[in-house]
Amino acid sequence: MENILEIHDVTKKYRSKHALRGVSFNLSAGKITGLLGSNGSGKSTLMKIIAGLTQPTSGRVSIIGGAVGIDSKAVVSFMPDKPLTESWMNVKDALKFQSDFYPDFDQTKASRMLEFMKLRAQDKVKDLSKGMNERLQLTLALSRRASLYLLDEPIGGVDPVARTKILNALVEFYEEDSTILLSTHLVSDIERIFDDVIFIKEGEIVMHTAVEDIRMRQGKSIDELFREVYAEC
Amino acid sequence: MLKLVKYDFRRDRDKFLAVFVITILVQFVIGFTVRSDQEMFMMNVTSYAVAGVVLLFFSLRTFGQNLRLFNRRLVPVPVLYTVLSPVMLFLGSLLGLFLVAYIHLAVDIMMFSTSFLPEKFWLISAYTVLIVFWASAYSMLLVMFSMTVAMSVRVKGRVWIGIAVFFVIQYIISLLESSMFDHKNITLERAFRFEVTDEAAKLNDIEISQYVLGLLPTLFEAVIITILVFAIVKLVKKRVES
Amino acid sequence: MTIEFDNNLPIYIQIMNYIKGEIVTGKLKPGDKILSVRELANELQINPNTVQRTFQELEREEIVETRRGMGRYVTSNEGTILTIKKEMAKDVLDRFIRGMQDLGFQGEDILAAVAESIRNKDGE
């Protein structure tokens, strides 16, 4: 089976600083993979490269066998750390934007998610609280039937109640064959959702394993392992 | 691409509408306060010109935002569309402005008479409209190019670099055109000459033939415009930075 | 249904044990239909793939069977259920005996201690 995502030796340099160094990994379809790392470890940069917002200094990314470009943008749903909505929009406008430009947008799923998240069509984006806004961003990202979902810190900076709601939504609206790459530094809340985890530290991949393997073989939780790996950070 | 233009417009819909409303109000004010016909005409034209510049400003701002905002950068459309949509928005709003101006004119004609209009006014003004469109598109693209250059460089004084680029390129193109063509025919210059001088006195005597668009200069300018668009697209693609 | 998950142990095993527990204690009767992958995942808030794995293991052990187009059901085989009961009891016993041995108890003493404990419990 073809890999949904293949990253070959990707490096990203800003002036003299390396955000990513020789990163390589593959993601096969139908798994939820956690991209774990402390702040500044390169998670966001990597996601932006996959989403097509920036280009690697060297290396190759292929999405369903093709290079990053217009075609890949049409099948990749990215939820960045900054909102995907403009201040003049209300919830209905935000959804319409998605449906206007992405053929894989699923209106029915969007309506269901809005109801689940308790968002109303006429709510103005600039009046939403941080938690409600995160819910909206997640709705926008998951309402598309994309081949690859990239979620950058979906539960960061949000109160525990909203966090739980967002995790609920993730599980509730997850399609069995979708591939999700989710980055976070808050591990314990979310670790039971992952199939695999990738640890990234200072721009390099440190580990890429199945979550249950770690629990089985090392008797540790991912959170514990995370603390060990990033102890000196 | 129309969808892109739609969203460009909606982002600043209130501002665009405000420009139109204010312009109309200003025309009323001018109509009731200024007595002399010549003065009134000048003020009318000037206020429309100002409105045009404001529309240009908003359209340029939208261009900048399209390059910055994530939701626009993620949309699976060719970069060319992203670059052209603010231009379409600007030209579209200019069209609207011209319509308002013509309606204004129609109202004036109904209220007074056509006596204050010079001969062949309609033909000449039609050409003027075309030329202004042409010059506006050119100006906008020139500014967009300078903006894109400024945004591509990661140096401290990049705004100044952008401004410098604008003037330098503007100057170079003027030089080229002056050396290649006769001043009377340079399309771009004619657009602005209309804005500045008081034509009412001159237009009566001038032959239409002189106002036909010169082919060569226009072709040259078309090439420049194409190059500008191409360069902007190239820079945006390369730039794809956060 | 709430399960307190321990993130240090494979979750799919924890779910399996929970379901086995429900079956053995009779809360899930032979032939009962169990929740679908989706329902269970939503309820427990875990990855559906993990639930899928759980069910696959349960099917392999023949504790659960899939009826095409109808869902998953607890086995009606009383023998299998009895086996699970014994296996789970064995785990508890092994741990208990080891615990008692760590405290210094030996064979006969352990039996006596158990008998005493049960008598006390019945008396309560």
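Per-chain numbering from 1; labels A, B and C assigned in written order.
Going forward, contacts are C-beta pairs under 8 Å (C-beta built on N, C-alpha and C of every residue); 3 or more make two chains touch, one makes a residue touch a chain.
Just so you know, these numbers come straight off a predicted model, no measurement behind them.
**Q** Check every other chain and keep only those touching both subunit B and subunit C; list them.
**A** The shared contacts of subunit B and subunit C, listed by label, come to A.
**Q** From the Cα centroids, identify the chain that ends up most central relative to all protein Cα atoms.
**A** Smallest offset from the overall C-alpha mean is found for A.
**Q** Indicate the whole-number Å distance between the mean C-alpha point of subunit B and the mean C-alpha point of subunit C.
**A** One centre to the other, that is 76 Å.
**Q** Taking the mean of the C-alpha atoms as each chain's centre, how many Å separate subunit A from subunit B?
**A** 42
**Q** Compute the distance, rounded to whole Å, between the mean C-alpha positions of subunit A and subunit C.
**A** Those two chain centres are 35 Å apart.
**Q** State the interface residues of subunit A toward subunit C in the complex, per the touch definition above.
**A** Subunit A residues touching subunit C: 30-32, 167-168, 171-172, 174, 176, 188, 191-195, 212, 215-216, 219-224.
**Q** If we count contacts the way the header does, which residues on subunit A are in touch with subunit B in the complex?
**A** Checking each residue of subunit A against subunit B gives 48, 51-55, 70-71, 73-74, 78, 80, 82-86, 88, 93, 97, 100-102.
**Q** So in the complex, which bits of subunit C are touching subunit A?
**A** 5-13, 41-42, 45-50, 53
**Q** Along subunit B, where are the residues that touch subunit A in the complex?
**A** 3, 7, 10-11, 13, 69-71, 73-78, 240-242
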